Amino acid sequence: MTETRSKTHHFDAQVYYEDTDHSGVVYHANYLKFFERAREEIIGVDTLAAMWHDRQVGFAVYKLSMNYNDGAVFGDRLDIRTTWEKESDYRVIFFHEAWRPAGTRAAVSCRLELVCLGPDKKLLPIPDLAFLS
Amino acid sequence: MTETRSKTHHFDAQVYYEDTDHSGVVYHANYLKFFERAREEIIGVDTLAAMWHDRQVGFAVYKLSMNYNDGAVFGDRLDIRTTWEKESDYRVIFFHEAWRPAGTRAAVSCRLELVCLGPDKKLLPIPDLAFLS
Amino acid sequence: MTETRSKTHHFDAQVYYEDTDHSGVVYHANYLKFFERAREEIIGVDTLAAMWHDRQVGFAVYKLSMNYNDGAVFGDRLDIRTTWEKESDYRVIFFHEAWRPAGTRAAVSCRLELVCLGPDKKLLPIPDLAFLS
Amino acid sequence: MTETRSKTHHFDAQVYYEDTDHSGVVYHANYLKFFERAREEIIGVDTLAAMWHDRQVGFAVYKLSMNYNDGAVFGDRLDIRTTWEKESDYRVIFFHEAWRPAGTRAAVSCRLELVCLGPDKKLLPIPDLAFLS
């Protein structure tokens, strides 16, 4: 792992009924679901499942900030663009963006810090996983 | 516990943005959340938490059916009306209804069977809890 | 459209953190989200979006029943198997199943009736769409 | 409306099954639901519903940041503490905190900027509502 940012990872998130609210756009909290799905694909769902089942170790969100520039609507197929970097032994930073079809800038962007917790919520060093190499 | 049905329990569920979808009404799956909140209040949240933390025992939905007659909208304060009965040593049946303000019949109704599961998903007899007495 | 049941449609649903609850399995209401995603792919998201935006016409769930035989866990990649048939001019029936990896029967199964509603929630005949031909 | 911060508003949020994930704590995105419920009670659900139905005007989240210090668990009754201030003609800032029972600091805190949007997502001045007086 170098100090440099990862390449951009792309993840498709189709906007279904469940994602929208009565105002006609995606409910603001639901972008965090799209972003987490992308992170789970990046880290590896099997890797995460094995960490959890074998050692009760998992990642947890420690801090995040989001900006909303446009609202995605039902039927949009969003391009979730993610880069990340290991900031320290105990912190990985993810930069997520949700792009609408034909968008000229990100509809929603997010910076999110992840930590690693063991049993009893004990802070652990970030494990040496493939997505960080 | 007799064979007779319980009295009707009332639980208020305010319809917030999170509950609706872009068609303007409550998303169909979300009535199950309202109904489960009512069940948890009936059984007792502290009771459920203690069962789970002490013995890894919990209730699980085994079967359900629902009818949708009307769609609740943002701003509705729903009256969730619930009755229940113990059907056998291993089964409790809940009958839920969601009533809109000024409704003349239930907007949504649900019949739902609950079982009790222990560690490793082993079927257990329904415990002798206060809501069944 | 004949009276016969459709062929089986397959849709993958990855179980993410958002789908599970503290008991370790998928929250019971969330299977309805997986099943709706499958229906939207079957009917066509673009078709649904156009119906809604052009004429405020959409499908609504009228009735459903579900059986839970096993609980899917974080990391499962579910195979959502769906068949459907037009029951009458005003009703389409969907039969959904969620299969866990290596499952020998459906973890969850669902029978669901869909109707078509226009502005002011007026019941409309099921439109003559490609998925019914 | 003065420049000063509002008094603290309290809102109870019971943690139900639906709010948790398989790691045993509240899913990180769901605190935004608790916070929005509190905002809707502060602004007034009826006020929001009338604005929307009469004039297609609503509030939208423009920006937010969150810090997670502790994870709430099933059975917790959270005290959602909120203060707010009108920052400019076009912006209201909310400061939310989720307190666990017997907590000595906020489990989760959030700063969130709200704007007001009319039809076609046009930015409007913040209306002169009771919660700002």
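Letters A, B, C and D mark the chains in the order given here, with residues in each chain numbered from 1 onward.
The criterion applied here is as follows: a contact is a pair of C-beta atoms (placed from the backbone, for glycine too) under 8 Å apart; a residue touches a chain by one contact, two chains touch by 3 or more.
None of the values given here were measured: they were computed from a predicted structure.
*Asks:* Could you give the fewest steps needed to travel from chain A to chain C through chains in contact?
*Replies:* Steps on the shortest route: 1.
*Asks:* What's the chain with its C-alpha centre farthest out from chain C?
*Replies:* D
*Asks:* Chain B and chain A are one sequence twice: same or different residues at the contact, by the over-half rule?
*Replies:* Same-residue interface.
*Asks:* Between C-D and A-D, which chain pair is linked by the larger number of C-beta contacts?
*Replies:* Answer by contact count: A-D.
*Asks:* If you average the Cα atoms of chain A and of chain D to get two centres, how far apart are those centres in Å?
*Replies:* The separation of the two C-alpha centroids amounts to 22 Å.
*Asks:* Mind checking the centre-to-centre distance between chain C and chain D? Centres are C-alpha means, answer in whole Å.
*Replies:* It comes to 33 Å between the two C-alpha centres.
*Asks:* What are the residue numbers in chain C that touch two or more other chains?
*Replies:* 17-18, 22-23, 29, 33, 36, 52, 73-74
*Asks:* Inside the complex, what are the residues of chain A that reach chain D?
*Replies:* It comes out as residues 22-23, 28-30, 32-33, 36, 52, 58, 60-68, 70-71, 121.
*Asks:* Can you list the residues on chain B that touch chain D in the complex?
*Replies:* Residues 14, 16-18, 33, 36-37, 40, 45-46, 48-49, 52, 73-75, 77 of chain B touch chain D in their complex.
*Asks:* Where on chain B does chain A make contact in their complex?
*Replies:* Within the complex, chain B touches chain A at residues 17-18, 20-25, 27, 29, 73-74.
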